[in-house]
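The structures come next, written out as structure tokens.
One chain, chain A, links the two complexes that follow: it is found with chain B in the first and with chain C in the second.
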Partner chain A sequence: MTTVVRRRRTLTTWLWDFFASIKVAIVIIALIAISAVIGTILPQENFIPSLNPGAYYPQTYGTFGEIYYTLGFSHMYTSWWFVSLMLLLGISLIICSLERVVPLYKSLQRQQIKPALSVIQRKEIYVPAAGADETAVDKLIEELTRRKYKVRREGTSFMAERMRISRFGAYILHIGLIIIILGALSRLIPGWYVSKNIWVEEGQTVSVTGSEFFVRNDDFIVEFYDDGRPKHFETKAVIIDGGQETVKQSIIVNSPLKYKGFMLFQANYLPPMLRTLDLELTEKDSKQTLGKFTMDFSNMQTEYKAGEYTVRALDYFPDFVFGNDGPTTRSTDPNNPVLLIQVEGPGIEKPLKQWFFPLNQMVLEQESKYELVPFGGRMVETTGLRVQKDNGIPIVYGGSVVVLAGLVLVFYFQHKRIWGQLHDGVLHVGAHTSKNWFGMRKDMEKIFQSVGMPVEVSLNKRGKK
Partner chain B sequence: MLVAAEWLYGTAFFSYLVTSILYIAGVTGKKIKIENGTAASNKWTRVGYWVAIFAVAVQLAGFLARWIGGGHAPVSNMFEYMSFWAWAIMLAFVVISAFYHFPILGAFAAPTALAVLGYANVFPDVNMSLIPALKSYWLYIHVTTAALGEGVLTIAFAAALMHLLVITEVNMPDKRSKWLEFVLFLFITLIGFVFISLMYKVQGYHVSDPVTGNVYKLPPVIGSTGTDVGSLATLFGIPLPLFNVPSWMTWGKAPIRLNTLLLTFVVSIILYLVLRLLNRKPLVRTVSAWVKGLDAPSLDELSYRAIAIGYPIFTLGAIVFAMIWAQEAWGSYWSWDPKETWALITWLYYTLYLHLRLQRGWEGERASWLAVAGFVVILFLLVGVNFLIVGLHAYA
Partner chain C sequence: MASQSKVGRAVTVTILLLASAGIIFALLSFNQSDENVSQPQVGQAAPNFSLTNTDEKKMSLQELRGKVVVVNFWGTWCDPCREEMPRIQLMYEKYKDNGVVVVGVNIGESRVTAKGFADRLGLTFPIVLDHDRSVTLNQYKIGPIPTSFFIDKQGVVRYIYTGPMSSGYLETKIQTLLSQP
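This part shows the complex of A and B:
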């Protein structure tokens, strides 16, 4: 029994020591950087113009592409080992910080106000001011307090300190990084993260993925520069929540619509597409109109009534192209609709099949006496909106603020300490700083100047620049 | 306004050149006295410093004129961005020189800024109206802050290079001096690239390949698979291309890029050999003579200080502001776009530098090599990614 407990303890301590090591942390950071580099050699799967990466990589990049795909480098940043490295980094951040911050805190709490005189004399900055008395100590303390030092006093000895917190800057920075990692991981909480592209035709109302409200596209505007580059995309959107129009706003790039934690971004669009066509059935020779009807391409019928006549749609190719095996369609969008129709009605004994090309007026000799003539219709544009909900964003931003605060504390501030002791009319003053010795020296000279004891401050040999 | 801007940018370019020449003349002349490890300034470097300040002011005026004339801050294409980075290097040099008295730093920082500004001019300097994704004030904030951080980090590179030149025994033909010579060669490569690109750009040279539709702006020595050898152009009477790339390398603009790389190397090697012959000894010996006697620990400290100042600015501009802008424009603060990923890689690189230096005691030589290599990482982030990898930042 006892052996088991001891073994477990050993494993835990081993793991703790492993993650507390800076060497290990450095190796983890380096591995993340190297993996990230590899991931940028070829485009990642979410950036390729194909839904079948297994075929795309070998086709586009040859053998290298195939190896790249097989090794899983084409989805590097979601691969289990990249995510694992990130988690290891998180653990290392926490344990490395704890391992160092606690002793640092304790040692700063336990500082002696009155260390041995020899300790002060060995400080990098050391000034023995002769001819001093207790009032000099008072004045110096007053001056230091005025300069925002925290002074603790014990008789004729004192210790003054400034910006102790800058010593904790690195750990504050690490806490910020952990917050950012948590913010990114919060996407895994059900309901916290939604990311989906939706298509909304002009006039259409579409449910916003993951929410209980709807979005309607009143109008979509796209403008181009003369050289063909896009200039402006805009969707005039209306939010419909509980049957009410709650928000009316234009969504443009860089200015999303925000509603109830959701954001709708202008992400994409489809060029104008044929929606309805108003048609006239006429007799070719007499040019006489026999009837009128409207064809809705989002809701195709097999027959249309035109006055006393019936137009039967026998076959429909929304995106007509003449393939190897005859007419076929490229897609289900009515980009180039073509119909095979026949007209039935009074006086037609044997209906003839005929082609109908609404968009390009193909001159095709057809036996039929009738033809369909478009006289109106409607084109619609479709906007592509990106629905995004990410409750982790404030966490990530908050973490970034903490990181920046930590960076400023580490690199732009310094922890300054000054000790003073009066011995036999000599005021021994020593100073220490975490960086910028030059500035500390100038500070000391100014402090002595202000209390009327001008001295020249130089650095001991051990002091750095 | 745009004409004024062009004129001001031109003046700035000329001032960079003058600054570089003055500083190099200052350090090669025998008049600089080095006492106790610090160099006194001489007439040349003092004038050089004032010209550097003038260059910064003039380019700032050009920047503002272009902003007013173009209707948006000029940081949205490669010409504008690279010019701004050059400006940031110059600004960082002027500011840091005010605090640390190292006049010799100018002999390294100014030519670097000049090379970057030259590189900027390889790109078309037309003022383009913005595509929708770029219409955001976060663009200005993100790009300018990131460039300032990169400018300060470039100064860290210059100081680290000086440090290495001081501590390396260059008269010994050992590995270290060979590597330093290689660093100088890389710098010549940058100049070589700028040189041939500008030479052909001035002529308006372009050859299009009828098979792939690729347009070459340099003589097409390498063609795509399927192009007839010798069918595109001639160079000194030799029909081009000389050979074609294998079919697996024909995707996208790969043949053009390979062609550019090849020509750059050929020109750089010629340039290097000419300099080497004129100099009659390895270049590193000449350059190290400029810095001989300087206090090595001070240079090491200066390089570290520059990273300590630049790293937080880089974090703010290239990571945090970039995330905020990505969130506004693309709907996600992080999408692992290649540029974004390389900003993170650069950040991780300097994170490693700081941990190795502060926690593992990598000071002096090893830290300086890291800082010198850091410049290559930044160059790849700013140039290599656009040249070799395409992504959401393709317009930049």
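This part shows the complex of A and C:
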């Protein structure tokens, strides 16, 4: 920490000291952690089944939901203050690192090759090898070089060091963290992040959210276990880009379709639904067919021509139910379609209204002389695909690799330094390491053994375990 | 600790803060463009739409300027919508000659269904069909239905009501808007 006393602190030095403080960094990290936790209490806006969050939160979660929405917790991770906290953490990381890495770098650059003998003698590992001469120094340096030490020599004194970079592991880790933060923020760039469900009916072509291409569902297959649990979903998908069929692939759970940075996952499905019926208009008594037509239940027409006759749809209940105040529909999906129709045509002076139950759900005695008889039709299933795109992922992975490299440097490598000086036939060798003193001792023993000067290396009293 | 000069530190801090401010500003302006399509608020101009009614005629909100307009979003599957319809019809009949129009926006249903419903309930005010739900979802961002927008003679949204309206509520709001220029 900065201990320099300044007569007058300018704004920028105040800011520097603020961000260089570990306490400040810890407070920022704690704030981010608390916010992230609050963000998980209720589902975030992109996961709610409503387009109007302002109405959804109070309605679903009551007053708490309203407060939650008003304070912006419902889109926590994209709110300006959460992003600001992330950026403050980034600044803090950079300044804390600079504050420490620059002095470290400079002090490592300025190391003396030949410190005072007493300095070597006070090293935690210190070996005085008697009966040595200059050739012993040469051999030792040669051996150290073979062991990948960088050796600098000054007469009969030398200094050797290895893995200086491990001292910078923590700062490499910080660089990785900053890359991860930038990768996470990149999701906020328009077009970089998409996560959205789309429904595609069999035979339908639907625009893929956030992209310029379309997906067509050629066939949807679902298989069940005997107990009714789904066993297998599969969408035979075709990607249509610029009017061309570019990819044909089956989308199965855990095997998404990948195209231009987008991934389409099998996520959901709707049960088969009535789409069209081929109908025959017949005269009840004579069983004579008067005409044929096809009725599309997703696009109900007001009238259909059947030969010389017209079938007029007067009312249509896609999901029929008999409510308190008469017939009504539960939804817009044709789960239980019922129609009120009348047949007009030659010889019909006064058309009669009659009910039509396309799926034969009910048999009613009706006055009308005519009936509609289905002779074919089409059921469609609808697949639910999850459209996912995240350009930030490679950046986050890249950052993670850098973090990992930093961690490996911190935990598995040591900065080892060995000094040697020849004084009156005694080779004084001292060693220092950033950690793993036992390993350093073994190293020293091996080095001396290799040059034919076996010694017992022990730690000075002052030395660490 | 003379690790870095004062100037160096000042420059570093300034650059980092400016970069962060830049990132925040950029992100906020990106998000702003997404949020342009939020539900119209009281005091804002009502977004114009043009849809066909149950008689297959084009109708736009624009052409009703100068009248008090109640835009009611509904569906035949929605019980509360059905519940308030007779009251809306009543108020429409009472005030239509004074320059009040009710526009029922049917959400995503077929003409047959909407027309059948209107005939059964004896609704005479215009009902338009938002077949692909774009007006409902993208322009007006409707959540729960029924939702009604009261638009004054200048085309400005003055009241928004979610849920079935009482006759009293309808009448006071219509009278208030009628009494204003």
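List of remarks:
The rule is simple: the second predicted complex is superposed on the first by the 394 of 465 C-alpha atoms of A that agree within 3 Å, B and C clash if a C-alpha of one lies under 4 Å from a C-alpha of the other, contacts with A are read in each partner's own complex, and residues count from 1 in each chain.
Basically, contacts are C-beta pairs under 8 Å (C-beta built on N, C-alpha and C of every residue); 3 or more make two chains touch, one makes a residue touch a chain.
Quantities reported herein were computed from a predicted structural model and do not represent experimental measurements.
In the superposed model, A:G323 lies in contact with chain C only, and not with chain B.
Shared-chain residue A:R110: touches no atom of chain B or chain C.
Contact with neither chain B nor chain C is seen for A:K287 once the two complexes are overlaid on the shared chain. In the overlay built on the shared chain, the residue A:V403 is in contact with chain B alone; chain C does not reach it.
Once chain A of one complex is fitted onto chain A of the other, the partner contacts of A:K231 are limited to chain B, with no touch recorded for chain C. Of the two partner chains placed by superposition, only chain B is touched by A:I393; chain C is not. In the superposed pair of complexes, A:A30 makes contact with chain B only, with no contact to chain C.
When the two complexes are superposed on chain A, none of the residues of chain A touches both chain B and chain C.
Against chain C, in their complex, chain A makes its touches with residues 2-4, 10, 12-13, 15-16, 19, 50-52, 54-56, 59, 78, 80, 83-84, 87-88, 90-91, 94-95, 98-99, 102-103, 106, 185, 188-190, 299-302, 313-319, 323, 325-326, 328-332, 339-340. Residues of chain B touching chain A in their complex: 128-129, 131-133, 135-136, 138, 247-248, 251, 297-298, 301, 308-309, 311-312, 315-316, 319-320, 323-324, 327-338, 341-342, 344-345, 348-349, 351-352, 355-356, 359-360, 385, 389-392.
Interface residues of chain A, counted against chain B in their complex, comprise 22-23, 25-26, 29-30, 32-33, 36-37, 39-41, 43-44, 46-47, 60-64, 76-77, 184, 195, 225, 229-233, 252-256, 263, 265-267, 386, 388, 390, 393, 396-397, 400, 403-404, 407-408, 411-412, 464-465.
Touching chain A in their complex are the following residues of chain C: 1, 3-4, 6, 9-10, 12-14, 16-17, 20, 23-24, 27-28, 30-31, 33-34, 39, 75-77, 79, 82, 108-113, 115-117, 119-120, 137, 141-144, 162.
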